[in-house]
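In the two complexes below, chain A is the common chain; its partner is chain B in one and chain C in the other.
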Partner chain A sequence: MSKRLTCDVVIVGAGMVGAACALYAARAGLDVVIVDRGPVSGGTTGAGEGNLLVSDKEPGPELDLALLSGRLWAQLAEELGGLGELGEVIEYEAKGGLVVASTPDGLAALERFADEQRAAGVVAGPVQDGALYDLEPHLAPGLPGGVYYPQDCQVMPALAAAHLVRVSGARLLTGCTVTDVLLKTDGTVQGIRTDRGDILAPTVVNAAGTWGGEVAALAGVTLPVLPRRGFVLVTEPLPRLVRHKVYAADYVADVASDSAALQTSPVVEGTAAGPVLIGASRERVGFDREFSLPVVRALAVGATQLFPFLSDVHAMRSYLGFRPYMPDHLPAIGPDPRVPGLVHACGHEGAGIGLATGTGHLIAQLLSDKTPDLDPAPFRPDRFPEFPEEEDT
Partner chain B sequence: MNSPLDLADAHPGPAFTVTLDGRAIEALPGQTVAAALWTAGVTSWRTTRGAGRPRGIFCGIGVCYDCLVTVNNRPNQRACLVPAHPGDAIRTQEGTGHDD
Partner chain C sequence: MTDDRPHLAVIGAGPAGLAATVAAAAHGVRVTLIDSAARAGGQFYRQPAIELNAGRPQALHHQWRAWERLRDALARHVEAGCVTHLTDHHVWLVERQLERQAGGADRNAFTVHALLGPEQQDPVEVRADAVLLATGGYEKVLPFPGWTVPGVLTAGGAQAMLKGTLAVPGRTAVVAGTGPLLLPVATGLAAAGVEVAALVESADPKAFARRSRALAAQPGKVAEGARYAAQLLRHRVKLLTRHTVVQAHGDDRLEAVTVAALDTDGRVRPGTARRIACDTLAVGHGIVPHTDLAETLGCRLDGTDVQVDDEQRTDVPGVWAAGETTGIGGAALSLAEGHIAGRSAAARLNGTEPDPRIWAPAAKSRTKLREFFAALDTVYAPPARWTDLVTDDTVVCRCEEVTGGAIREAVDGLGAGDVRTVKLLTRAGMGWCQGRMCGPAVAGLAGCELTPSRRPFARPVPLGVLARAGEAEADRSAAAPPDALPD
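On to the complex of A and B.
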């Protein structure tokens, strides 16, 4: 089968970020086609927890993008998307996040971090002594306190991506592999070549997530996206025993770390469907999909320390995914000056669901020559050296 | 000569008793809880969390988690994988199987 399509923008990747780019680009009046070699949400989007977090981000460009994205998610949730309120169909929950310290020193450090976040626009409330157990009655006894972040929310990510694609009205081609980025003789983008024909467009958006480096390479440029593996442990369905996203203060340090070695810190949350999701592990082991009992065991130990009742609960299954890791922990968002017409929207590491709306919104503003709501300079895709030195392993 | 035991040339040991919601049913050594329930003519033993729809065996091989059942006070066991033991107290379950 061969067909030739023409459009304004072709988006490579039907995950959460590609879906959000499609939605905001279509709303800016652009004719959009989305392609993905697999199904919608078939990569990292379908392998996460669906967190929309501000709590784990230090002040800086990523936090600014998270705050913008949070406002956009709240707006989307209230829209009527044809099947009822969009927030309901994508299981949007403004549940709030609770970060728990295990020692008085840890609590002091957490409160200092929250002070810095407040100055950047985050709502963060101190939680001490008994108040901790009013928020989460089943937490382990004896914890000194924590910080509560009401802006932390959750969606069901696979549903969110699928419904944003649907609402966008963009044409969707799944099972369609991009084999080349077509360039004109002057080096500007002409479209893409796929195993099902060419798609001509003056703009190609690379929303291929963890595989964004491969798409960049098809256009002849480097983008240093690396996979950072994570496991999630899923319990049997339970009544609402965990009300917020609850995690240990160590999680923030793990997220910000550059180490390739295994790190785990307990992250526990209930879901609208009933199961409790337990994370979070981080390790750079390439695209290895092998189940790892030591990792999952470490997750279970951490979670039961936080919530002792979990020791009597069945874990039904686990899944794993590959976060798109960038060396400086910031995504690549915006036009690539090395190839006019190539635009990147990838490399969001473990925060892609949360950051998707802001990313799609900025991309649409950049594509329609509007002044973006945030300065995109920190996200420049060409900010890395062209030939990075080999990393120590 | 067309019963499942005949077809498999199976010669199981003597039957024993388990209970389903207090009612005695017979099971054979080696049978799973699901097989014992099916043999007793029971095809549904749980209702879904949302709409309360009936559920029993779907995949039969431990993958789909549709056949969840409470065995000896432990909810959400996969009936298709859990072996039946003499005296097991099997209970139908609603919702999450925990007291909501």
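On to the complex of A and C.
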């Protein structure tokens, strides 16, 4: 009745992180199966903008992972995949980010932040006065300046995940729900149980994103992943009037915030396909999928303040997604000492697309007993207290 | 001037919306009827533009008397100040707020957000105590090779052209697809002087005759069918049942179509293809309910239909729905549902429990018509194997020019299993129509059920309008969320 597959690694979650884990694990010589209860890119990956950012990260382990990931993304983009260069297929664009200050004080703070980032390896160029309008001619007049980050890039996330899965050669089982993590009598992982049978493997990678806490629970451990809702507005297709990823300086503060209340800060970017994407809102309201006019209106206000020409541009649609939020804003990456054989790769909040390559690369190194390029200690999955305080859900 | 009557916003001025408006306005409710067209009537009672000065518009319609009654009643209520009829208003969102009352109880309040004017750039907001969604449906057209050639139009589009502009789309037409709409389209075109070379129906309507119970309950519908059959005969329209159009030919302009017979499994029978010269192909495969506004309000759907109770109430307090949006069933059913919805809303807005006996005749005809259309639904269906006809280079999503091959590649090669993921991987459904046209086709090619996709904006809205939407409301409400705006 149940079809038994045997493989080295079974990855739970066919989003961006699962896809990258599959790719690098397969390249390390491991036999990989990916399962997802939905289609490929069906969760947060399909609701994201595809940012590969260093600009919004303060010095620390996340920035180190972002820099490693950025190098890996650039390498992948040059590989062949599908009908052409993989980068073209997944709409990889090294377009650079532009963080804009709205006041002289804001600019000073932004420059201090950039100085710290430079010390950590980020390329950040000051942009003052007219130079701002050379970079983005359609910005609102009167802005004092900003900082330009050439390492900020973008991909089309759903395409990126789907094509990385394909390039990996891993077996993909969609529409397949994991119902249990199977453990041996000694407490080590034996595989997973799904609604379509058992899959036996000595290693299970939890790449279930915002639902990573549920997969961890199947293995009997807690992982405090919480949904942090975000809306994105999509405009009608336009010629390239917005050239970079452009956002207001307070976005960085919003990303780093622990508040459950709604925060919005304008993030505006053109895409290869033409539409302009507008974010970003953050609020912790559980998995509430109801449309919210106040949130979307705030996005429109922010975007039209940054780029006044957008007032006459049509919003075609709006969608929402749930970022996998962790209390300390760092993902869980690596083996779970509580359940040998269980490995986590989730909880990347809004940075999962960007951090996916580095995450996959580290996971593959850890699975093949190589020395990881980065110290994985800050990402330890068991770094949280076993019974965390009840969060607002 | 203050008006303390409760206020109902009716969206859509087709048969359901008109019937609801008239019923509610006659029972102590102030109604704002909001519609995108310049004149009331909807698709069914679509009126020719006034400047065309049509002598006998009823020649293109049936149930003209019902229309005249509604039209006159609407005019009376408008005259009396009970109804405000907003034409050329394109609703993009209905927002529901809970207003805290002095006594502490919550009260429903709705804001209907619309765009006005030829460019649809000017915002209009209508506040109401309840809303009644009579948003109708839109035509389903499944793709086939050549369906994008100029000269191919939707069956409903051909009919709208006839009714609205009194113009005929061409000289020689083929009407094709499936469903009861094809009959009036073919006879309407023929009566207007177009040579209708064939009516190509993929179903076998004879199967319908076997469903005698539903038929017997609807002698009017039988007579209507017989009347169409006689008209087809009179205009010498060749009726090809269990046939389908397999290709439309022509580069700049339609020159001919190839039609073929279908076997019992819905496959094209080899050797039956024949070419029919024509400059117009009117094609349609049924109607899909328009549910965007209902979905964004959070109304529960049953498949693709808005779910309603016996009073036509949705599961969202203060929201009624009537007509095609609750399931496809034609004008007579829409009239019955609209009437019931209007009476129910009027009673409840005035704080009374409605007595269903007041709409008993409408309820009776609603029951019969729903049975009739459920039976019809089992007969009229696209060929079971219609996806076989979609070649890899057939454009499926016209807005984004996505081919059948690209969609198959996303499903078979990349792991897309539903319409949303196909959209993400191919852009099918991301264009101006937001997948309204290609949704059923993409679902078919992906091998999944057509589920309504969430479209928070029922139509594109300028960001400048969105940025100010409900501004007055936001100022008033202390519960407005704090925005983290630039420092």
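Methods note: the second predicted complex is superposed on the first by the 388 of 393 C-alpha atoms of A that agree within 3 Å, B and C clash if a C-alpha of one lies under 4 Å from a C-alpha of the other, contacts with A are read in each partner's own complex, and residues count from 1 in each chain.
Here, a contact is a pair of C-beta atoms (placed from the backbone, for glycine too) under 8 Å apart; a residue touches a chain by one contact, two chains touch by 3 or more.
This is a predicted model, so every value here is computed, not measured.
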Three-chain arrangement built on chain A, chain B and chain C clash or fit: clash
Chain B versus chain C as contact partner of A:G302, first or second or both or neither: second
Which superposed partner A:P39 touches (first chain B, second chain C, both, neither): second
Partner chain in contact with A:P337 - chain B first, chain C second, else both or neither: neither
Partner chain in contact with A:M316 - chain B first, chain C second, else both or neither: both
Partner chain in contact with A:A248 - chain B first, chain C second, else both or neither: second
Which of chain B and chain C A:P137 touches, first, second, both or neither: neither
Chain A residues touched by each partner, larger count belonging to chain B or chain C: C
Partner chain in contact with A:L238 - chain B first, chain C second, else both or neither: first
Stretch in clash, chain C with chain B, out of 27-35, 45-53, 243-251 or 459-467: 45-53
Overlapping contact positions on chain A, where the chain C interface meets the chain B interface: 236, 273, 314, 316
Of chain A, residues touching chain C in the complex: 14, 38-42, 46, 102-103, 105-106, 158-159, 162-163, 165-166, 172, 174-175, 233-236, 248-250, 253-254, 261-266, 273, 275, 278, 283, 290-291, 293-298, 300-305, 310-319
Chain C residues touching chain A - in the complex, by the definition given at the top: 93, 95, 121, 296, 298, 410, 413-418, 420-421, 424-425, 427, 430, 432, 434, 454-457, 460-464, 466-470, 474, 480-487
Residue ranges of chain B touching chain A (in the complex, touch as defined): 49, 65, 68, 75-77, 95-100
Contacting residues of chain A [partner chain B, same complex]: 236-239, 273-274, 314, 316
